[in-house]
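Same chain, two partners: subunit A is paired with subunit B first, then with subunit C.
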Partner chain A sequence: MTQTTDTAPEGAAMTGRSSTDKAKADAQGRRPRPAGRRRGPAARRTRSWRDSPLRRITPWLFLAAPLALLITFTYVPVASMISYSFTDWDGVSPDRENVGFDNYVQIFTRPELFRVFFVSGYYLAASVVQIVVALYFAVILSFNLRFRNFFKGILFFPYLINGVAIGFVFLYFFQDGGTLDSVLDQLGVTTDHPWLGDPTSANVSLAGVSVWRFTGLNFVLFLGAIQSIPGELYEAAELDGAGKWKQFRHIIAPSIKPVISLSAILAISGSLSVFEIPYIMTGGATGTQTFVIQTIKLAFQFNKTGLASAAAVVLLLIILLITWIQRRLVPDDKVDLV
Partner chain B sequence: MTSPDLTTDTVKAHRAARRRLPVGNALTYLSLLVASAVVLIPLAVVFLTSLKTSKEVGDGSALSLPGNWFNVDNYVTAFNDGKMLMAFGNTAFILVFSIGGTVIIGSMTAYAVDRFDFRGKKLVMAGFLVATLVPSVTTQVATFQVINGFGLIDTRWAPILLYMGTDIVSVYIFLQFIRGIPVSLDEAARLDGANAFTIYRKIIFPLLKPAIATVVIIKGITTYNDFYIPFLYMHSEDLGTISTALFRFKGPFGAHWEAISAGAILVIVPTLVVFLLLQRWIYNGFAQGATK
Partner chain C sequence: MGNKKTTAFSSAVLAAVMLTLSACGGGGGGATGEVAAPPSDPKEVSGEIRVLTQRTDLVQNGTLQKYAAEFNKIYPKVKVKFDGITDYEGEVKIRMNTKAYGDVLFIPGAVAKNDYPKFFAPLGTTAELSKYRFSDKTEVDGKVYGIAQFGTANGFVYNKKVWKQAGVTEWPKTPEEFLAALKAIKEKTEATPYYTNFKDGWPLVQWTNNLGVVGCDAQAGNALAGAVSPWKAGSELNAGDTLLYDIVKQGLSEKDPTTTNWESSKALLGGGQIATMMLGSWSITQMQDAAEDVNGSAQDIGFMPFPVQKNGKHCAALVSDYQQAVSIHSENKPAARAWIDWFTEKSGFAETEGVVSAVKSAPMPATLKDFTDNDVTFFDRSEAKTATVNDIDEAAEIGLNKQDYRQKLIDTARGAAKGSLEDFFADLNKRWDEAAKTVGS
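== the complex of A and B ==
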């Protein structure tokens, strides 16, 4: 080790990748030369810095706070959630008993606990509608229409609105004599159907609200992907006599496949973790209870932390499984982050 | 769209060709108008309701117009009785700290991971990557115990820490951006005797501005809109954020739709203003955030 103590404070804290490269270059190519007349001190500094203990510490100084937060608020909860799930802990008392897989057995055998998975079905169907609608408008608005930005803004804006506000807007929308009834009345359809009154109708209504809220995000994602297709491709296709439908099928559809697959995965995990809209609008009444509402109620209202943890672990496993399947099916560098 | 060497005539011709639509023009516009109506009518009706008197709401149809377009009584009620001012204050407090924290945490992580080689780097990256897969909605049962252990339940620091500590998307936004900043800049500064922290603070951080803007916008809007975290962690009425304060309208205002509507509009207007001012950044930001 050729450490020069005088350069330690500045030199030691140099950044890594490039300087390591340079040090390598120095070590190999430039060795015959007397280590650079003009920038001699710097080169010496670089080399000595490479082995300095401070250099090894520097990245950890930057990572200390982020890693502490990551571990405390992601990994510790996951680990403790798994350990709670095998106990009958109530979340408060100091003692808890190990119950093995009993909580998991309960989730899959007690019909009233298992029912929430069927509610997800409504939201899953809704997200199919959502993706189709978003795709339609993204294709249309990728053309040069008049008022294009205006329509784009209108379609996207619901995604930005506060969920509680949306909940109230649609409570009024569906209420007896509310917005929906009045609009239908104007169109000549008189109905006094209680939209949130029975489980099927309520779930369909709530899923509809979720389409209203989230279509904008899918739409903007699709639009961005379509607009990144070079215009020459359409021109070439047109010269070859391809119609609009063929252009969609062979140019647009393949280019936005990764975004569609991403939306599909977000849709599936999203429809399993619906919380806000049904909780705000119905509180989970009339058969609209979702998995997350049930878990939150188990944990914080009925003090069944053990059972709630097991439910959360099941949801986590399902979501991990879906993500894994999606990455198997569509290997895509956009999703493969680093 | 077209290569620059084409004459203006062909450019025009191509533009015209691109402008032609797959379906008839009229049908396309009709579908857009229907979609706009579906988006706007529920919001417009709530806006109308917020201007009506209690009697007007009771008697008239939902679509009827308010008698006095400048009736702000409901807004005053919502603002005072709904404690909206306090809620905006709490939300602002949480926004400032959680956004500031996220920007610092995210950019430090990106700087450390992109600019240094160190043992355990792969493990650190994997740690952040796997965390993106864990939906925070599932882990709250246990996160609650962690926050409880710190004694932070029912303080504004609980949401701040959670927003700061669980935002992995912003780490990726910074990471992608920092890769585009030439390493030669770091080196030049280092030759001038700057240490790693000075390089981060004086060179990297200022150059990250566009990424910071993206993170601030996404984080700002999602934090402003979040209901779940404040609902779980801040029960006292004085600690209401705009979401939880609005949610509490459900009880005391019961069937007073004019007050509830005014509250909802109060919450929506700031979002609308921000959206109109920052449209372009918002589209890009959310597109970037969602594909991470």
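== the complex of A and C ==
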């Protein structure tokens, strides 16, 4: 596989070169000969096409559409966001004034803007639960089990639902006399607790929704990694008398380490930038405001687009920083089981 | 890889992208000063105009198109098209960065007053437009840029049957009487005495519209323009927010405010499960419809003024709805102006909706019969300094016209947030006063 893909373009490049190019290649003293040897009738027949500028441009033509989209919808907006963050723009006015680093100074001198990160703690704790649950099910369902595809489907299904829809569904779930209350009632537990009523309970409830939604994604990632482990290893381990726990400890866990660390990064950046579920369900009221909701409010309620852009840039930097630290602490070493 | 051709090509792509983007940007900058004057001859004015509106329901059920057909009887050559926008504020604000934001639009709250001349064509001088209510809201340098679509009176919508059942037949005259009435409702009926609509949030903003009812003061809004500690004891905002706090504190509101639902609250009020809500008079027709849907009667829906009296009389503030303006980039300004004038004065929209016409000489709508019969004093709250007030409000990140601070007030009242009412008001005052110093008037 690797060999064919390696040689084909190289040969093409060599045969495609003009004599001056070849001289240059000779001067560099690299692999001129095999290319010369390969020159046969087949090479001559395709030379004109390989020489044509159209051929050189073809990959770029294929890349043009995705690149244009990427630049238009990702890099240009990010660039303008960064440029807004140095202005006092209100989001509408045709005039904006350059204020330098004022917005950044304001963000770092107003502790209440950072207090919302405590809310992220709930989601971080929830994502630990989420990873453990996902790992548990991934391991269980990687063994031969009755109805395992059915259970895989059930676990992954929530991830496919639109986040806004989830928000609305769970609003009914948590409301006074809603699904949760009636299920508890059936079980003989009567609570009069407003689930979204006080900050702790609301944040725990919202984090719970987030676990329900994203467990499926982690589960699929883990399952994919686990299933790529060759079956012989288990057999060998079984022959050596290793039980399920030892198999997990010494075969599964080390081989899916990269996926676990990826999940950890996703969990941290995800819990710092929680948005959809609390925004739809509580709108950030009752102490459920996250950093992103706060940013949105700054931009669209108080028309401080400049300050909000700066806040968004700061969030980006924080996530980059945490990812970097994490990579330093847990280096991504190659997994070699055999 | 990095040969010349590819870099040239990629930079060409980049340049093309930048070009299209910069073509999109740069709104404003049109010829300022040209007045969108009403046409002299209705038969001659022509062109197609696009009207932006947040009333998607009226676009979808064809009501607005019917108004357009009526309009065409007088102005046969004008073609009116409607753009119904669900998230009006958010979307129009972004569209205003381009030149394509319709011919007639409502002025979004986000646009600073000083920027009006950059976005909208002036409609005439202050004197010329003095026949309309609230025209001072959009006046910049002696020219008016918007005409109010209509106005609403503010007060409590209530279910008369429930209130009667609780033995309250007279409008409460003080906040204490009001609270006592709600308590009676809680004790004697099954209904929730007051419904906050905390989750949807915007109904909480309606409380701000009471500004001025305590002192019957048309200048109450303008009085906020400065470091005046708006929540100090005895102030307008203090009176309203204290009442809301007490209602929640004494357990007279719904049990779980975090999962309320506006749409279903209408039916609950109509059906008598909710006794009272603070809203504008625009809601009365909706509540009457909802009441009939749940086998109640439109007669059950009543409207009462804020429970406070000045010289033995209740007061009610009239506040303007969105202001209609003509885009400065419109190519059919006379047609656009003709639509605004016709819609405000001749369409009968205000009567149908049961709201107060923007034309000063027009009579009060039938929905406010309770008010006119009981001699409630109406006042048009002046909006002359609204721009400064909004600037302070935004700088302080309080949001007089946003739900957040009242949600926090309710959370404080029901113990879900720490702190006392005094601390809460003190904090608001401090933030307001500090912001007022940074905002030049």
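Going forward, the second predicted complex is superposed on the first by the 255 of 338 C-alpha atoms of A that agree within 3 Å, B and C clash if a C-alpha of one lies under 4 Å from a C-alpha of the other, contacts with A are read in each partner's own complex, and residues count from 1 in each chain.
Criterion: contacts are C-beta pairs under 8 Å (C-beta built on N, C-alpha and C of every residue); 3 or more make two chains touch, one makes a residue touch a chain.
Please read these numbers as outputs of a predicted model, since none were measured by experiment.
S.K.: Looking at A:Val128 after the superposition, I want to know if it touches subunit B, subunit C, both of them or none. Which is it: first, second, both, neither?
M.R.: neither
S.K.: A:Ser269 in the overlay: touching subunit B, subunit C, both, or neither? Say first, second, both or neither.
M.R.: In the superposed model, A:Ser269 contacts subunit B only, not subunit C.
S.K.: Touch check for A:Ile325: first (subunit B), second (subunit C), both, or neither?
M.R.: In the superposition, A:Ile325 contacts neither subunit B nor subunit C.
S.K.: Contact-wise, after the overlay, does A:Val105 reach subunit B, subunit C, both or neither (first, second, both, neither)?
M.R.: The answer is neither, since A:Val105 touches no partner chain.
S.K.: On the A-aligned overlay, A:Phe73 touches which partner chain: subunit B = first, subunit C = second, or both, or neither?
M.R.: first
S.K.: If you stack the two complexes on chain A, which partner ends up touching A:Gly197: first (subunit B), second (subunit C), both, or neither?
M.R.: Second partner only.
S.K.: Who wins on subunit A residues touched, subunit B or subunit C?
M.R.: B
S.K.: Examine A:Asp185 and indicate which partner it touches, taking first as subunit B and second as subunit C; both and neither are also allowed.
M.R.: It touches subunit B, and subunit C stays clear.
S.K.: Using the touch definition from the top, say if A:Lys297 reaches subunit B (first), subunit C (second), both or neither.
M.R.: In the superposition, A:Lys297 contacts subunit C only.
S.K.: Once the shared chain is lined up, is A:Ala236 touching subunit B (first), subunit C (second), both, or neither of them?
M.R.: It touches nothing on subunit B or subunit C.
S.K.: In the superposed view, which residues of subunit A touch subunit B and also subunit C?
M.R.: 56, 60, 67, 71-72, 76, 91, 178, 300
S.K.: Mind listing the subunit C positions that touch subunit A in their complex?
M.R.: These residues of subunit C touch subunit A: 5-6, 9-10, 13-14, 16-18, 20-21, 26-29, 89-90, 93, 96-97, 108, 110-112, 115, 118, 198-199, 201, 255-259, 394-395, 397, 399, 402-404, 407-408, 411, 414-417.
S.K.: Could you list, by residue number, the parts of subunit B that touch subunit A in their complex?
M.R.: 1-3, 14-15, 17-22, 28-29, 31-32, 35-36, 38-43, 45-46, 49, 61-63, 105-106, 108-109, 111-119, 121, 124-125, 127-129, 131-146, 161-162, 164-166, 168, 171-172, 175, 183-184, 186-187, 190-191, 193-197, 199-200, 221, 224-225, 227-228, 232, 242-244, 246-247, 249, 257, 260-261, 263-264, 267-268, 271-272, 275, 279, 282-283, 286-287, 290-292
S.K.: Would you mind writing out the residues of subunit A in touch with subunit B in their complex?
M.R.: So the residues of subunit A touching subunit B come out as 9-10, 12-20, 22, 39, 42, 56, 58-60, 62-63, 65-67, 69-78, 80-81, 84, 91, 133, 136-137, 139-141, 143-145, 149, 151-165, 168-170, 172-173, 177-179, 181-183, 185-186, 212, 217, 220-221, 224, 231-232, 234-235, 238, 244-245, 248, 259, 262, 266, 269, 273, 275-276, 280, 292, 295-296, 299-300, 305, 308-309, 312-313, 315-316, 319-320, 323, 334, 337-338.
S.K.: Over in the complex, which subunit A residues touch subunit C? Could you list them?
M.R.: Interface residues on subunit A, with respect to subunit C: 53, 56-57, 60, 64, 67-68, 71-72, 76, 90-95, 171, 174-176, 178, 194, 196-199, 202, 282-287, 297-298, 300-304.
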